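Each of the next two complexes has chain A plus one other chain: chain B in the first, chain C in the second.
== the complex of A and B ==
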């Protein structure tokens, strides 16, 4: 998305017809079902016979539903923050090592994308369990007497999601850091700035477009990650995807499920819009 | 004359015929049988499907494993041309499917085996070819004295070692009703059950999202004792996981698993024949034996092996020993319970 900034100015010189197949595809398989979902959500009863906005009122006036939405949005923020803190050094390192190590880093970053989410999630269940690697290590060195609870906690979900979504953060960062002229850092240092100051004043602002892109992708992926959330979080930790599934499948309450998805969609769009605004601001900052 | 264009056309046509066999034969699509995932899928693929094909000149059949509730959602979305011909249901979803007019009455008068089923399994809207049984499961390596009652889950010695599932599953909901009954409640009143759950919190190590996830928790040593499904445990046992099943003295919970012909199915006849195969004593006997250990409902099948040892010697004892729940009552309030569970059970 951010790369569009460098596109040629006269976009209209390309026939708009080239975009038609994709537009039709989106209309048929994305917009139309979405409209149908919205219409479905405008029914007050589960059978879908009575029109009304009762489902939205129900959701927005119910503290429990709102807390599910809140905890889901918070979960996304935590995962995104962790990915950023862990992903930035890797992306930075990538441009400062030899080509052989670069290949290794790319491989490590991409490796999670090459295995299924289910497999990765089960690996985390093994790692975080009562007799998992972490607990057995801590027990054997005598740091703890009884296994600590890691699985089925918010901590567990955040860590597992961060690993699963890490490539979405690291790849945009690697791209954007590669575009920064390294001479700028040398110039900053030669003008007397320390390495931290150089980082805060030069590297970070210039890398903001990548940071924003990475954050948007990670955030959207983390809050909608049904499998990881339900397997690592367990049956008592409720996030929006599971809430939606429960209403749609177990309870067959499609209008409420529809309302939940529309509200969730708008909440995510709002967050993405905020990211986008930050992105525009950062571009101005970066070019200034 | 063969040129590039006709060659390409021919190749594409052949490819399309391969990809969409329906194009080349003017035949209805294969019979689609929605079974459950996991042990059920394995059992049906290995026993029921071959039996059906053998009796019906290799008629084409597809297994589509998914949860009952997902089957209902799929059929509901395309009632006029359902993507499934035969559905398999736990008692709760079965009532929903019947209530939403998604299934046809079973052609009882045509059936060879219907009258041989035990009375509880004779359901005119879809007979029950199998039972599922829910009791206590535990790890014999860490739980030295076998539990005998649901109440054992509350023992202080099991602090942080008990697993349950949430109410999305038949297992979780049925178990909660039994807990309520133990404390004076019933299908109509689960308040005592929720109070008991509150008291169980210190013991809870995990609330699994589904019964499958619960079973695997034994494998990882995450839990040592839980309410559990007899069949799910057998699979673990066969893989060498230390886990045992006991029927609690309050009575193990028995669920009828019913099988239905979907309304407007283009494959009505084959659907009927598949269900007949599922009701037949031959298929039920094979499924009863190791490694499947599925409880039969045909009274002509005599209970044997592990089932006779752990569960029941015959159908008379089965009816005496097992608890059958009133899922009509349960369904009336189930969504309210799920909501309450969502709110109250945080560990």
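== the complex of A and C ==
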């Protein structure tokens, strides 16, 4: 196979030079800004005249800043867990229905990805609000006497984000489940393992690369979801994106906003890297 | 004995999976349906179910010139960003799709990184750089910023389409005497076109909907639709926004149906 591929390589591949325009574009408008942001964050004063790591010291010794970072990371974990629990069965169902239903499932899953994020979030305000569907239903069946608080709570933010980010979890899962040889499940069952055991011992381990890909995307998207966090979370709950925006836009404290951005970037990168390492481990596990 | 036990187990497993999947699908689709229903309310508030139905808020929307202006800006920026993303992204995808070397892997990670990095941090950093080099925020800075965060979709979908392209087709074309550019125009491009269109579609939608980058890179004269909606929602629950949301949902579903016909969008994103 290699011998056959080496000779006609010229006709089937294109020069790396074709990537140059986009690479230059990214260097100028993506890498350079981030470098510049990092440099600015290494200034102790708001004007950017005195060098130092004061902004980082400030963030990392300030209990308030640390609690914002902590609650943001926790939020991501909760949303990812909920997406996995709800998304896996969708992916499982997808491979057990006819092709028309498959298309329907994909289009339903894709709908939140393509609908405006403000619209999606707006819908959750209508659902979770004091006069919202959940409250009016509970009131009318007599389960509660006064409207319960759902909007501006952690619960509300997690559910709304899980719905918004669901495609990012479900699509990789659908892909990976499609690659698992169905015979393995049959073999497991005929060897006496029940459905649950087959799921835990065969299907889930083999689908780990998809699970990890989905978790990475969902986690990154959930903790950076500025609009949903701010509208469903309200003023009381502060997460990293809003904290960054307030410091940059309202308070004009650019070096501190820069430090927040860099710490936030590293937090996201750390999570992506850990998931990536787990992914490599899981591929080895899947092949073993 | 054991087969009966297994059957019960299989039934319980399937019941749990199917019920959870159904609940999940309802959770996914419910918000869109709720907004559609509420937008046809005859009342002044967003109560569900509405007290009565009318199209009055859609009429109101027809006269909301501020929203029209913002929508026009968002549309123009999304068109330019998508165009730029196609030109830069397809070329880059051709370069990195079939070569497994270290440099192409590095480039691939670089081009994909806007998907996971916080867009708000990128928006802030771009604003800082533009102000440093003396480029004032304008429609141009918006298009540049949007292109950075939207081009990954074009690259990813084009790479996926190229990966499915049969190398034998290109070899046969070359053996039959076709030049590289002829092969590209007559074989490669038609075969990967659905992938490019699907990627461009997602890029367009995400640019049209972008808030975090636009927040920093727009000027006072460029009002963007999602930002206007967000600011309106922070103040009060406006039923006009519900009508606008209804229009956007219907437009999205219609575009998805067209894309499904044209490119097999659903298969494209799951293989």
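In the analysis below, the second predicted complex is superposed on the first by the 271 of 288 C-alpha atoms of A that agree within 3 Å, B and C clash if a C-alpha of one lies under 4 Å from a C-alpha of the other, contacts with A are read in each partner's own complex, and residues count from 1 in each chain.
The rule is short, and it goes like this: a contact is a pair of C-beta atoms (placed from the backbone, for glycine too) under 8 Å apart; a residue touches a chain by one contact, two chains touch by 3 or more.
Just so you know, these numbers come straight off a predicted model, no measurement behind them.
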*Since both structures carry chain A, what do chain B and chain C do when superposed there: clash or fit?*
clash
*asked:* Applying the document's definition of touch, where does A:238 land relative to chain B and chain C: first, second, both, or neither?
replied: first
_Touching partner for A:171 - first (chain B), second (chain C), both, neither_ = second
*asked:* Is A:23 touching anything from chain B or chain C once the two structures are fitted on A? First, second, both or neither.
replied: second
*Where does A:42 make contact in the superposed view: on chain B (first), on chain C (second), on both, or on neither?*
neither
*Looking at the overlay, does A:195 come into contact with chain B only (first), chain C only (second), both, or neither?*
second
*In the overlay, answer first, second, both or neither for which of chain B and chain C A:252 touches.*
first
*Using the touch definition from the top, say if A:15 reaches chain B (first), chain C (second), both or neither.*
second
*First (chain B), second (chain C), both or neither: which does A:126 touch?*
both
_With both complexes overlaid on chain A, does A:64 touch chain B (first), chain C (second), both or neither?_
first
*Greater chain A contact set [chain C / chain B]*: C
*asked:* Just to be sure I follow: which residues of chain A are touched by chain B in one complex and then by chain C in the other one?
replied: 125-126, 129, 131-132, 230-231, 248-249
*asked:* Taking the touch rule as given, give the residues of chain C at its contact with chain A in the complex, in rising order.
replied: 2, 5-6, 9-10, 12-14, 16-18, 20-21, 23-25, 27-32, 34-35, 38, 45-48, 87-89, 91-92, 94-99, 103-104, 107, 110-111, 113-122, 124-126, 128-129, 132, 144-145, 147-148, 151, 155, 167, 170-171, 173-174, 180, 183, 202, 205, 208-209, 211-212, 215-216, 225-226, 229-230, 233-234, 237, 241-242, 245, 248-249, 252-253, 255-257, 260, 265-266, 269-271
_Residues of chain A defined as touching chain C within the complex_ = 5, 8, 11-19, 21-23, 25-26, 29-34, 36-37, 40, 85-87, 89-90, 92-93, 102-103, 105-127, 129, 131-133, 136, 159, 162-163, 166, 171, 174-175, 178, 189, 192, 194-196, 199, 216-217, 220, 223-224, 226-227, 230-231, 240-241, 244-245, 248-249, 254, 257-258, 261-262, 264-265, 268-269, 272
_Residue numbers on chain B that touch chain A, as the complex places them_ = 67, 69-70, 72-73, 76, 96, 100, 160, 165-166, 168, 172, 205-210, 213, 216, 220-222, 334-335, 338-339, 342-343, 345-347
_Help me check something: in the complex, which residues belonging to chain A touch chain B?_
64, 125-126, 129-132, 149, 151-152, 230-231, 234-238, 242-243, 246, 248-253
